[in-house]
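In order of appearance the chains are A, B, C and D, and numbering begins at 1 in each one.
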Amino acid sequence: MRCIGVMTSGGDSPGMNAAIRAVVRTGIAKGLTVKAIRRGFAGLLDGDIREMGVRDVSGIIQRGGTVLQTARCPEFKDPKGQRLGLRRLNEEDIEGLVVIGGDGSLRGGLALHNLGVPVVGVPGSIDNDIADTDMSLGVDTALNTILRALDALRDTAASHERAFLIEVMGRKCGYLATVGGILGGAEMIAIPERPFALEDVADVVQDAYIKGKNHALIVVAEGANHGISEIADFLREHQVDFEVRVTILGHVQRGGRPSAFDRQLGTRMGVAAVKELLAGSSGVMIALSGRKMTPVSIEEATGRQREVSGEFLEIFSYVS
Amino acid sequence: MRCIGVMTSGGDSPGMNAAIRAVVRTGIAKGLTVKAIRRGFAGLLDGDIREMGVRDVSGIIQRGGTVLQTARCPEFKDPKGQRLGLRRLNEEDIEGLVVIGGDGSLRGGLALHNLGVPVVGVPGSIDNDIADTDMSLGVDTALNTILRALDALRDTAASHERAFLIEVMGRKCGYLATVGGILGGAEMIAIPERPFALEDVADVVQDAYIKGKNHALIVVAEGANHGISEIADFLREHQVDFEVRVTILGHVQRGGRPSAFDRQLGTRMGVAAVKELLAGSSGVMIALSGRKMTPVSIEEATGRQREVSGEFLEIFSYVS
Amino acid sequence: MRCIGVMTSGGDSPGMNAAIRAVVRTGIAKGLTVKAIRRGFAGLLDGDIREMGVRDVSGIIQRGGTVLQTARCPEFKDPKGQRLGLRRLNEEDIEGLVVIGGDGSLRGGLALHNLGVPVVGVPGSIDNDIADTDMSLGVDTALNTILRALDALRDTAASHERAFLIEVMGRKCGYLATVGGILGGAEMIAIPERPFALEDVADVVQDAYIKGKNHALIVVAEGANHGISEIADFLREHQVDFEVRVTILGHVQRGGRPSAFDRQLGTRMGVAAVKELLAGSSGVMIALSGRKMTPVSIEEATGRQREVSGEFLEIFSYVS
Amino acid sequence: MRCIGVMTSGGDSPGMNAAIRAVVRTGIAKGLTVKAIRRGFAGLLDGDIREMGVRDVSGIIQRGGTVLQTARCPEFKDPKGQRLGLRRLNEEDIEGLVVIGGDGSLRGGLALHNLGVPVVGVPGSIDNDIADTDMSLGVDTALNTILRALDALRDTAASHERAFLIEVMGRKCGYLATVGGILGGAEMIAIPERPFALEDVADVVQDAYIKGKNHALIVVAEGANHGISEIADFLREHQVDFEVRVTILGHVQRGGRPSAFDRQLGTRMGVAAVKELLAGSSGVMIALSGRKMTPVSIEEATGRQREVSGEFLEIFSYVS
């Protein structure tokens, strides 16, 4: 193998730049030519590809987002689009590919693997919804952003009798809401994995009031069975004794300077991805498994839903 | 004058603790006894009052919110409640009062002034809606919080073609939205002072798309003539070429470690308030006027609406 | 077991408050009385002990340092002091003890274990110098603080041709310097585990100059075989082509809001410590081992030196 | 006037990018061509000059340092170098120049003004040592960085009995040390404007110990009459009852994301500089004077030493 490609695809997440830097520099240190494919699979089809030097990735590790950008690419879902992708890789003499992204992006990489291209994935997703890896790139930074918001809400909560509802990311996976709620001192977490009734939220809020707390904090995942506006309306209609206030963090969670943990995870995953390619692996994704970087099958990892850890739900029951 | 009181009232804002610390320590340095009234006018009526020492305000300057807490107090709007407040001050031998808070709180202080109590106000409001002072306590910290959010949105905006709408505080005053928009690189600001049509927003978003920008950022003040959900719905219905995403910062803007500017402003205003009381002033609020701390009439300051500076609107037209 | 004690001892580290909160709340949830021993072993000997309720640990998880304080206690190194400690525990009916701290503190706990007190340790040390746990409490926050400093240095380095030397903690262990150097973009790391000659540093600096870089960043651990002032003097005497500037972070690394990772680690370790005590364990420390919390022997963990991982030194050789 | 130039020179400071963005966009909005001169006067002599578009300054306002870089230029101190500079400006048809930088840089601009080039300065210096402006660019961000460090030191100080010495910038001007000391809760400030004896520091430290404080914080400006190492050595020799620990922030103070205040100041100054050039002014620097941007004579501003405000020293005596 003399030349490899690297791309980011799907939703961006903090730490992707650390992974790009590690792939480029490790590849070059190993004697490879490294080419960057911009704008994910869309850029691949357009041939938006150029060689990277060691200095091209200087000063990017501390930046949020991805310097290679990403884009949606419906054409690549099609076998025809995938064959065009293969052709572009051949035109550029790219003999191996590192794909950094979430579930859908990893499946895109799998399609190329099935066409014979050596492909190694790096899991990037702030939701932590990718199975078979302890953590995905971006989760730790998003958690730190969520905690900064929860800390700020608690500052002001000390002065007023209020119920704060805060929506965090997580369409299918309640990881951010659960861990954010434990570490941010929430009274309740509302997550997709555990449906609840609107009356439950009202009970928690009233219970906090009756216990003499001066506020109640509820962390709501995007994908909870009742949305944040629905909950807020219900609480107001049922006249709970706290005034209700809403925060929706939205894409603020995707940005920000990557944390030490995400820079380290991205760096280690990027190094490991190049080594796996050189060792002849393909169709695998680099996973954090305990303290080790381990290759796991993309097919298996993307076929299943990651579940929120029972340990965290138990911890929440103790410390909340 | 031998004994003064200090309270925070209404919405809390970062920097109030710096003001409390300055009032307590300056008062003591000047030979006064300083008593803290907790939970604003509600605490005054309840007699929730205790003497403060120099060490009681150690380690509070870096904390958000107010260590004296605040609360609403409908009874104090009534002459009967105000007379009870006067009685409580007399019971505690409090001969002068520093009231730290927004418009409503300053008017509460004015009521006591009209009953003969020497009262000096310190303007605290993250909205910067108090007239006759260049800046109120908490505005600078709130702006820094807003910019951190806007920077994070731009990080992720570099990867995706999206329109981000972000709601910031400001029911009557567009200061935070205007200055946040200028310094955070927004394409448009939606403020109460300048009504707009929903079509205008759609035009700005489409214009950004056509110019080749990869995103559009719109900062919307709470009190804008169209709310953020209404705007988002309109853009989606009219199928602008960017996907639309919403962030509502809410009370996150009220909390957080106070910035250097707010600590300095709170400290200077607290020192000045004690000096004004000792100089025999009453019914005045400490204002930042250029580089100086100046007493201005509470009656005049609270009777008018502060306007967003024409200089900022002009600057926005150049740099956006 | 009906009553347990909890203390922090030795150097404080961010995340200790999360551990205290978890011990108190989990203990109470399990039906135990939980007593806090203030100021470590010194407070134990003085009987500075009081029962904690669920609300006593509200609002502490986001604070640096330890609300229980720590202190040095030479008397406790003595068998006589240790027997007095045992007596104090008996006086307070404390039947099990959680000790949160570094090497020396864990050994203090071991002494009580040897006198028959059930003791479980929680490793707290920003240096990451405790063996047998993947991470100690406080390391992640310290790394984030170091990266913020390195990012700031690189901001200004882009404008000037300069060599920046920065000293970070680590008397015996180069973990912070190594990982900080990898993730902060350093040209060289100087750590206790790998002695170097002053000429080596000068070579790295000159090499960076000749390659056309506009700066060189050197991260120096406290315990490196040449100190930061010695290195700076040498570089200046040998007139390297960059101007030399020095930063010594010092105890700034010990403070700051704990990161999400340290809050999580402290919480999980605190919960696990209580469960281990209830399960009848003693003389063990809770270790992070991969994704699990595992009890390991304090005797074994404190008898050995932790080594900097070969993986990191390899990674540094690729990405620096 | 059809074409203007903009450069940054001397030590960089946070907010310079905001000023560059404002000059470029305001210039273009006013119908001018705007050219960037890279690396200060060195780049001018080398002809390192290129035209800037509106998009060239996108996404820079949140970055520390200066995208135009700076460099030292001994040749420009010479009339011959200055005449070469004039020639370069003529070659590029630059009819007016905005110089962003400190004392020395502004005097460089004055030299070109004296040769007939319209020149307007923008004061950038984190030390706040430039006379005739209330604040210079970068001071507020540096203060926030210093406060973050002081807050972290106080976190850990709550656990240990220690004296912390921290060195901050300020060779001739004690502004950062004074205001940082007031807002960061220091026991003493050591500044160039007020020489002190080493015994004074020892007295303050011992006094804090005797009063029962658990720490003492001393903020030392670079240019104080005794250096930080000298003070630390003295305290240790005289065996004060606190252990002594040293932090030297160094160039960390120059970097970091610019604060809201510095972004605003840079933006307003940049806009005002272009308007002054168009109004025919030259030889002036834009000053913050109260709430207004005002042109002041560079000759007068650079000829005098700025003094630390008596108001701050008085405040320190009350609140410390």
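Throughout what follows, a contact is a pair of C-beta atoms (placed from the backbone, for glycine too) under 8 Å apart; a residue touches a chain by one contact, two chains touch by 3 or more.
Note that this is a predicted model, so its numbers are computed, not measured.
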item: Reaching chain D from chain B through chains that touch each other, fewest steps; value: 1
item: Numbering shared by both copies at the chain D-chain C contact, with half separating same from different; value: same
item: Inter-centroid spacing, chain C versus chain A (mean Cα positions, whole Å); value: 28
item: Where chain A and chain B are represented by their mean Cα positions, the distance between them in whole Å; value: 35
item: Distance between the centres, which are taken as Cα means, of chain C and chain B, whole angstrom; value: 39
item: For chain B, residues contacting two or more additional chains; value: 151, 154, 158
item: Pairs of chains in contact (touch as defined earlier), listed by label; value: A-B, A-C, B-D, C-D
item: Of all residues in chain D, those that touch chain B in their complex; value: 18, 21-22, 25-26, 29, 58-59, 61-62, 134, 140, 143-144, 146-147, 151, 154, 158, 179, 182-185, 257, 259-261, 263-264, 267-268, 271, 289-292, 311, 315, 317-319
item: Contact set on chain A toward chain B in their complex; value: 8, 11-12, 14, 63-66, 69-71, 145, 148-149, 151-162, 164, 166, 214, 245-256
